[in-house]
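So that you can tell them apart, the chains are marked A, B, C and D in the order they are listed, and the count of residues begins at 1 in each.
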Amino acid sequence: MNEQEMKKWQCRSDLALEAVEQMVGQVNEASQEGVKYEEDNIKGLKVTCIDVAPEAVERVGKKAGRYMTLDTSSIITHEHDQLTVAMEVFAEQLSKLLKHRDIKETDTCLVIGLGNDHVTPDALGPMVVDEVIVTRHLYELRPNEVDRSYREVSALAPGVMGMTGIETYDVIESLVKKVKPDFLVVVDALASRSITRVNKMIQMTDTGIAPGSGVGNKRKAVDEESLGIPVFAIGVPTVVDAVSITSDTIDFLLKHIGKSLKEESRSYKKLVPFSSARQIYTDEDLPSPELREQFMGQVGNLEEEEKRQLISEVLTPNGYNLIVTPKEIDTEMEDLATLISNGLNRALHPNVQFS
Amino acid sequence: MNEQEMKKWQCRSDLALEAVEQMVGQVNEASQEGVKYEEDNIKGLKVTCIDVAPEAVERVGKKAGRYMTLDTSSIITHEHDQLTVAMEVFAEQLSKLLKHRDIKETDTCLVIGLGNDHVTPDALGPMVVDEVIVTRHLYELRPNEVDRSYREVSALAPGVMGMTGIETYDVIESLVKKVKPDFLVVVDALASRSITRVNKMIQMTDTGIAPGSGVGNKRKAVDEESLGIPVFAIGVPTVVDAVSITSDTIDFLLKHIGKSLKEESRSYKKLVPFSSARQIYTDEDLPSPELREQFMGQVGNLEEEEKRQLISEVLTPNGYNLIVTPKEIDTEMEDLATLISNGLNRALHPNVQFS
Amino acid sequence: MNEQEMKKWQCRSDLALEAVEQMVGQVNEASQEGVKYEEDNIKGLKVTCIDVAPEAVERVGKKAGRYMTLDTSSIITHEHDQLTVAMEVFAEQLSKLLKHRDIKETDTCLVIGLGNDHVTPDALGPMVVDEVIVTRHLYELRPNEVDRSYREVSALAPGVMGMTGIETYDVIESLVKKVKPDFLVVVDALASRSITRVNKMIQMTDTGIAPGSGVGNKRKAVDEESLGIPVFAIGVPTVVDAVSITSDTIDFLLKHIGKSLKEESRSYKKLVPFSSARQIYTDEDLPSPELREQFMGQVGNLEEEEKRQLISEVLTPNGYNLIVTPKEIDTEMEDLATLISNGLNRALHPNVQFS
Amino acid sequence: MNEQEMKKWQCRSDLALEAVEQMVGQVNEASQEGVKYEEDNIKGLKVTCIDVAPEAVERVGKKAGRYMTLDTSSIITHEHDQLTVAMEVFAEQLSKLLKHRDIKETDTCLVIGLGNDHVTPDALGPMVVDEVIVTRHLYELRPNEVDRSYREVSALAPGVMGMTGIETYDVIESLVKKVKPDFLVVVDALASRSITRVNKMIQMTDTGIAPGSGVGNKRKAVDEESLGIPVFAIGVPTVVDAVSITSDTIDFLLKHIGKSLKEESRSYKKLVPFSSARQIYTDEDLPSPELREQFMGQVGNLEEEEKRQLISEVLTPNGYNLIVTPKEIDTEMEDLATLISNGLNRALHPNVQFS
């Protein structure tokens, strides 16, 4: 694996936040030119906004554009009030992103729900499309009667190539030619590189999406470059692989030990069992290289990507690099699809009063 | 309602068999020119084949072409062996229809599943598409490796306009332009005009289909004329309206009385209760106009379409002309979708040995 | 069929309202002793309350007790605000019924959802049970921590005999012995005798229920007599048979003709086509026996039950007496299950503030 | 945590095979008294049979009885022929287990499907119950007509306590008292301690089951001791936690390094990237304690349970010990439920000829 391949490989995450984190872990602050990162707390929810400038594309491994995330990790499953607040914050952020790209209230929109509706953790796109308020047919069939406080919106779930035999990009492209929307919104389930983000974060971006990009096939990107109109993508990481889980855990383990040693000044062997208080680990909790070596040997001092590569080599050939999803995926998908479809409806139809 | 509208209205049935029956009930045999009707019994199942010539189109109210039906009324729900036999007969008939239109084994096919997969009696198309064996992506991505005993097939369920905001025809047309198949197979759930056919018959035709044609909207037909390639349609009547149920029953009632009188020579009033033996009624069981009047008054002597129109006038304005489906629709749809998808796979991939 | 059997047969409706209507159609007002009927309009919804006294049981063909209905026919599918109003009215009426039987706020409840969750129009019970707030395990496991503003509630969907091999009554009885609730609430999908009520009415009663009682099997009733505790039943008619549809329509037809003649003083033959205005028919619209005979012959003058019996004899032996449900059953069941489960939760937990 | 608690904790696996493996890893061969282990290969599938004698119960942490497993890891998803072979082997092994406990062909059976049918990886029990052939109602209602080549079988899915408010054991116990079966078969989804077994193994045992035993609540066991009749349990591990994934991977990592060093005699640092050939690791691949320390520090020389405990302490307090299931859980559950229900039907009805 040469350096270029390594770089590509590093970018496998579907989440810009993770890509930037990777980079931050590897380069010093000074080299952050071309990446603007902002963090905010809105109604108790963490919102981030990353702008990647063209000159930083190669370094970050993400296309130039704006990447926003909404952290929903504090929301309890099926907790109606919390979900409503998160939905409102999501709608606001999405509206901001649309305005950032000068989308007007009269611009027409096509919503595309990617993914396979028979595979629960991959069904986010089709589930959202089911709940999007569509109006294009009313504009077409009854142009004089239609309530123009609603934007002209259409929506389709084009299925997955393995079920249709057709490249998803091709379905979208032919549809865009026919429907001629002013902009596209694509909704998809993503892969995360961290167990902590699965079903806990919504990403919005104006850079489009590359369907199934992580899987190794060269797929055409669904973006402004390929389609000629702005393409917004909404995604939630719903799966994570065993490599990420293990890599995360080793990282936590080192920080846990580092933090405990700092606090308690005692050797690891005596630490079992640790206290069971909730911990938040930061990079500063990482112990010294000597301690890392003591506790985790050479593995303890591997760089992030080296560590992942090593684990991948052990798991992948034996078919053990399972891509997994939380046991409660059914209810979590319901909540996420409701949140996103309601928020999307609000952002797309800003002149409509929703109850 | 002028005569022309009446004619249109008469043709509301999605089934050619019903359209021809209507006509047969109204016109004498001599006028049957341009309609060829054949009936066969294959492995215990009734198969019909109707050829409508261009000169008969106006009279029948159906497009010129071939209409085949497979009567599955003898099959018991979830009876695996009977379903397998019916599937094989269906595959054979469909193959004959493809050959009738000179479809070659190397011709490429796009399968379109019409209907709404969230409305059980309307989900036939999407359910079949889910089980169709698709290969087009393999021909595209790995042309040298693909097993060419499989035909190049792709498949998509484009949803319904109320959910997508896009005319179904437009989705199909844009896809046909992109995928460029040699022929199209469209699968859809139909409306029946008779309670006896609901979920009990499969129609195959080479004349295409007009999505939602019965509902009153002008929709573009999905056919060879509009798309430039042969369009085969496979349909099952899964719903029936209250008008048809009532009209059927009044008809049965008259024939029942006629038959009983013939057999037992006694007056109706004494016939209650009738024997409960299974009866098959034919047009010859219809009693004389005088007896019809005696038992059912003026209604007893209405022409079929007059009767339907009268009933419709009573039910429709009050919202009582319910479109209904059998209570067991879930299991019946499963059986039908399995039968049709397996049969379609056999007809599309004749060189493949299915177990 | 002797008179006693006839009487039994007449009572096949699951709805007391229909049973009383049948009776009202047959007997004069004076003989209504023992039946108290009240009608009310609450927030735009028609609510009825029928009390059947023990002395009227034989005449009405319904057990003694209170039968309340909520007419939801004005609600549009998926119309959130209307559904919320109806849910609140339902919760109030159910609370009144519980109080009518002296159910205290601390009495424990077992909710039973009858029906087959794989048969959409029969899934009401299981769907409601899924959304009932249960607390009994918290009372058992953490008696000191449980929020006692919630009643102690448990819930189970015992399946149907054809799937379990066990009489539903037996499952319920064994569970009641174990769980020892103070009262039972049973939720079930019902059969209607009228096309106008399918999915349009909720019945609440304190007389329990006889599972599948209409189908001809002798099944043990789930009621206070058999179980020793009050048994409330909540039901919605979700299916109707072809006999009812035809009988209804013939009835509408006669009234339609009668009304039209009165209004327009012209003969039937000239009435085609009638005006398409929405009509509400009452018994006073029935034309004279002579006119009935003129339009519908002997059938026009049959008593309701004679007419149904005649139609049944014609349809049933040929397998054409389909039990049907509206095409939109999937979405209508969703709405009904949400309405009933939310209303039930409010009625069972009156001290809880629901958002 | 004292030694006794540690012992309990070690036995958290639902799989006897894993419990025995744990033990084998800790104790020498000589101490294996009371545990008989047999392995066989039938039609290409690995079958194991473990007999735990009463004297070994404490050591193994599993109840005395027979534990059989069928390894289905070689089966490709939806591969019909392979699934059929596995189903037949499963049916044979289950029949052997029934005979081992002297179950007669005329003994009556109650099948219980544990789990939550709305949580895909927990729905195995309800899914199997849906496909079990039940006959008890026919024996009850039509004793003279019933086809006695079928065993008297009933089946129920009692739901989960969080949905019903009733201890699952209580539902089962009350049902057993009522139905009085001669033996019980309980089907449930299990938790695995190894990523390699998820959805890849079926366990059959005559020792019953403890519902949700791993979750920490004291639940009554569903077994012969509590119910007075033989209780057979069929289970598939469908979930695994992040602790197990990480622990497994660290183990693989050490063995991978050990094996590579042996084969290639070079230092680890130079091993990146390793070859990507499929590897099977055995305990002999574990490198020396010194090398383990070199590569993985103190963690490399932790005992299995110490390692799991350490990882658990890091992940659990932060909510990161996700219980996960493979992304393809929907299709894998379908295959497993079909395999088990068909196999169970064959084992329960040995005199019936299945096609």
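Here is the rule we use: a residue touches a chain if its C-beta (ideal position, glycine included) is under 8 Å from a C-beta of that chain, and two chains touch if they have at least 3 such contacts.
It should be emphasised that the depicted structure is a prediction, and the values quoted were computed from it without experimental measurement.
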Turning chain A onto chain B by a C-alpha fit takes a rotation, in degrees to the nearest 5, of 180
Tell me which of B-D and C-D has more C-beta pairs in contact.
C-D
Just the number, please: Cα centre separation of chain C and chain D in whole Å.
46
Chain A to chain D, mean C-alpha position gap in Å, rounds to 34
If you average the CA atoms of chain B and of chain D, how far apart do the two points sit, in angstrom?
48
Residues within chain C bordering two or more other chains
118
Note: in the complex, chain D contacts chain C through residues 118, 129-130, 134-138, 140-141, 152-159, 161-167, 170-171, 173-175, 177-179, 217
Within their complex, chain A touches chain D through residues 1, 118-122, 195-196, 198, 239-240, 242, 245-246, 248-250, 252-253, 256, 268-269, 272-274, 276-280, 292-300, 306, 309-311, 313-320, 322-331
In the complex, chain C touches chain A at residues 80-81, 355
